[in-house]
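Next up, some structures in structure tokens.
Two complexes come next, and they have one chain in common, chain A, joined by chain B in the first and chain C in the second.
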Partner chain A sequence: MRNHQGMEVSFAAAEAVRLCNVDVVAAYPITPQTHIVERLSKYVADGKMDAEFVPVESEHSALSLCIGSSAVGARSFTCTSSQGLALMNEIVYLVPALRLPIVMILANRSLSGPLSIWNDHSDVMSVRDTGWIQLFAENGQEVFDHVMIAYKIAENENVLLPVIINMDGFILSHMFEPIELTGQEAVNTYLPSYRPRFILHPDRPVTMGAYTMPTLFTEAKKAQEEALLASYPYILQAWKDWGTLCGRVYHPVETYYTEGAETLFVTMGSIGETAGEAVRLLREQGQKAGLVKLRLWRPFPLEDFLREIGSAQRLIVIDRALSPGGPGGGPVAGEIRAALYNRENRPQVFNFIAGLGGREVTVGSFQEMFVSSVSGKASGYQIFGVRG
Partner chain B sequence: MQEIRFHGRGGQGAVTSAEFLAQAAIMEGKYARAFPSFGAERRGAPVTAYCRISRKPIYLRSVIENPNIVVVLDSSLFRSFDVASGLSEDGILIINSTNDPASFTAKGSRRVVTVDASRIALDLLKLPVTNTVLLGALVRAADIISMDSLAMAIKHRFNEEMALHNILALERAFQEAAFAPGWQPLLEESAMREGGGI
Partner chain C sequence: MPKADFEYLWDELEPGCVITEPGNSRSFYTGDWRAFSPVLEKESCIKCGTCWIFCPDMAYQKNEKGYYIADLNYCKGCGICAAECPTGAIHMEKEKEI
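Now for the complex of A and B:
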């Protein structure tokens, strides 16, 4: 612990962006992402970061600007939350289609209405099908590490796709905790300068963002999906290289007490830590509980997931967002049910919607979910702890 | 694990207090997390902040319902709600108040410390910001953090002049803290050690 420094996770995120030698930051402040942008703005103003900081007038402009800067070869960063992402939405789809390696931190916050500034995953679920690589961080260290990792993945010539790093708003963004920072030299070794093969340049004209007739659109989208799926081994490689550098090793699906587990929680983001505590306590009581955490959301690590759930009898899938009127429960549970459909001996899936709009999800919450699922009292889909 | 909850009003520094405490603990090689009650920040509105300290990694991010220590930066909050809610019987209650600590013990046999942090803050900092001041009383009352580590945490965040004044305030509160009868706080020399109570 002696190498760790106490800092707010948002500041650690900003420090990571600085260490990545980002050339352009374009962002509009929105709670709970604000501290990241404020710190980056200060870095640039104080001369501690050699970048253009563009205080744009909206998130739509923030990402539009990043498209321009990334297209001319500048390492570009933006971050937002909730309504900001909603306002940005039109542009979010363009970035993967243009194959631009922009990195965005999303300080996850619920989408209005009712108006709420607090944490859930409704914002990120609204961009699920945009074609970005999407990762979830569980704690401040993972947020810090994944800024470097995200650029490493995104800028790989075999990938060239944008990456969203999800960090739970407030629960992570405003948490002060110990973080081990990586030195500039080590980051430079891991993440060399961005040298794209194709850039917009008046002397070497190329077309980016072309108009597509019906005869080509389908092929373009297929190529885009193939590129996203093909990014998987390079994501693993980026994690492996980071592990070699820092000793912290990441996987698409993280597990905790899965060996011999009959019941597995499935989580994404910071509640994984809380779920882990609940699992540890359940194991102490002799219950065969375990935990599977999805770090990689897009591309979905299906094979890893199926391997890690092994022969568990039941999955308790936690969704931090609603999919109102949908057939499969919350967005995560719906996908997992679909993924299991063709599998023999598939586990029962219990889906709990929890932690909407900042509602606390405690160790006790997970214990309750466990008891009601194992005893068969839980239905396949319910909103945990809801009144009325 | 020690769980400390801070109650203040927006602008008094409850969040900064929690962060200083966590920073000092991390500087001692311990694990710590600090966070505010999340919401729209407004000056004067009640603010709660939390700090957990442990020698082992901490995995909890939920609010602290059963604190070992409660620090009250503004005693007018007693009129609004039960700031000592969930505080254990042997828990420590540190209050910014000119009143005798015994006047706060009626609600239970709790270990109460009072210090006139507002006056110390106005004297030394020229601002009614009582965050670092009350931490001085906390060092005296609970064996969880050393004065040196707190001073280091303050120097890490503030410029030299501000740090100096805050450390003076910290030391003044350490000296002036008044303890409820029947409770012996730490001896000065043991309170100066790296917090061994965790």
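Now for the complex of A and C:
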């Protein structure tokens, strides 16, 4: 019998971090990530987790500390949101360049201003080009599972890259959901202890983070990009192994009603569940609607994406962030348009910037987007639901 | 360092550009870009080692007579030693045009 427990998703995330036998947690509390960190600090204080919990003075320090702890071979975890990620930004770039397998949960929240604590994807889009592997979870179970999966990917000796798990702030972080917890033994089998290739140790000195001259920087960046691209099969493997263990199977691009679909929604994160319900209702009305959900954002699963969109005539891409003054709408739509540009019979791309700063996006919203796209009323991109 | 940095191909770099050979800055001649050289007047030198302590490139070595001599392969000509020397025994001289 399956053993589901009702719990707040943040607590499920913290439980997953505990199950991963993380050695070091360094984080600074920020809404809506706070409950994850509070729970971890309690686990450590109560002796339920054999880890160092470092209550640092800022997010900049949190990730800097994780670099240090990961560099000595400790499994390291941090967690942030919005302004915290912005303050951390300088360090975010360093981690993949140093090839350190740190895992970070990002409880997605809009970046100020105006000041907002609510959910959108402006924070994660600000670190798009930092070189982290970036995954999106759609519900609490996926958040829980992906903590284990993220370490499995990150610490693979052929990968050695950090992973961001995106979970929508409040919509997921503060939601109570039935979660199937995995037992400690199963997690231990899935995730053996971290065997770093290099560590900082006086017995075998190495230098990490050395200066490069213009004669070497280009090669260093090429190596970093190749490493990110090469992580793809190991990401698939980590999902496959997790599926074998727990029966929940994940893919870089998830689909719903794509067969025979003429119009496909493209979503990332929790909004996919709402879009799925809208698609189900549209199908009931005889509309050829479908849904494609990007679980893997970096490295971008281009081949999977092209395969899954098949011969659809229209894509309705939902962006949860603006790219002000840009040529092509939101960041996701811009990339998808670029990816399709050289292809024959490419679908039309409609782009809706929706759910900014916690604005509700309902089943009805998707139906409206569908109607305005299919009727040809929608143009290049628009901010959905804006008054005036 | 087995070879110079400009000889490396991207796939020959260790993950994260980790340097596995400690002390390889020895093969990096910071003296290459020097525009001024420190010149020591031994009569004024009291062999205190202040120049040796302050040199950021650790270019100074003590010789058998107790004087501190800058190795010009590594001295980048910053002038810190000349500024710190308590007796003014070091002055900086412009390098000749090559």
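Heads up, the rule we're going with is that the second predicted complex is superposed on the first by the 386 of 388 C-alpha atoms of A that agree within 3 Å, B and C clash if a C-alpha of one lies under 4 Å from a C-alpha of the other, contacts with A are read in each partner's own complex, and residues count from 1 in each chain.
The working rule: contacts are C-beta pairs under 8 Å (C-beta built on N, C-alpha and C of every residue); 3 or more make two chains touch, one makes a residue touch a chain.
Because the structure is predicted, anything quoted here is derived from the model rather than measured.
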| item | value |
| --- | --- |
| Contacts of A:Ile117 with chain B and chain C, given as first, second, both or neither | first |
| Which superposed partner A:Ala97 touches (first chain B, second chain C, both, neither) | second |
| Which superposed partner A:Pro178 touches (first chain B, second chain C, both, neither) | first |
| Intersection of the chain A residues that touch chain B with those that touch chain C | none |
| Chain A contact footprint on chain C (complex, rising order) | 4-6, 8-11, 13-20, 22 |
| Residue ranges of chain A in contact with chain B within the complex | 1-2, 4-6, 8, 31-32, 117-119, 170-171, 174-178, 270, 273-274, 276-277, 358, 360-363 |
| Footprint of chain C on chain A - complex, ascending | 97-100, 160, 197-198, 205-208, 210, 212-213, 215-216, 218-220, 222-223, 226-227 |
| Interface residues, chain B side, partner chain A - complex | 18-19, 22-23, 25-27, 29-36, 38-40, 58-63, 153 |
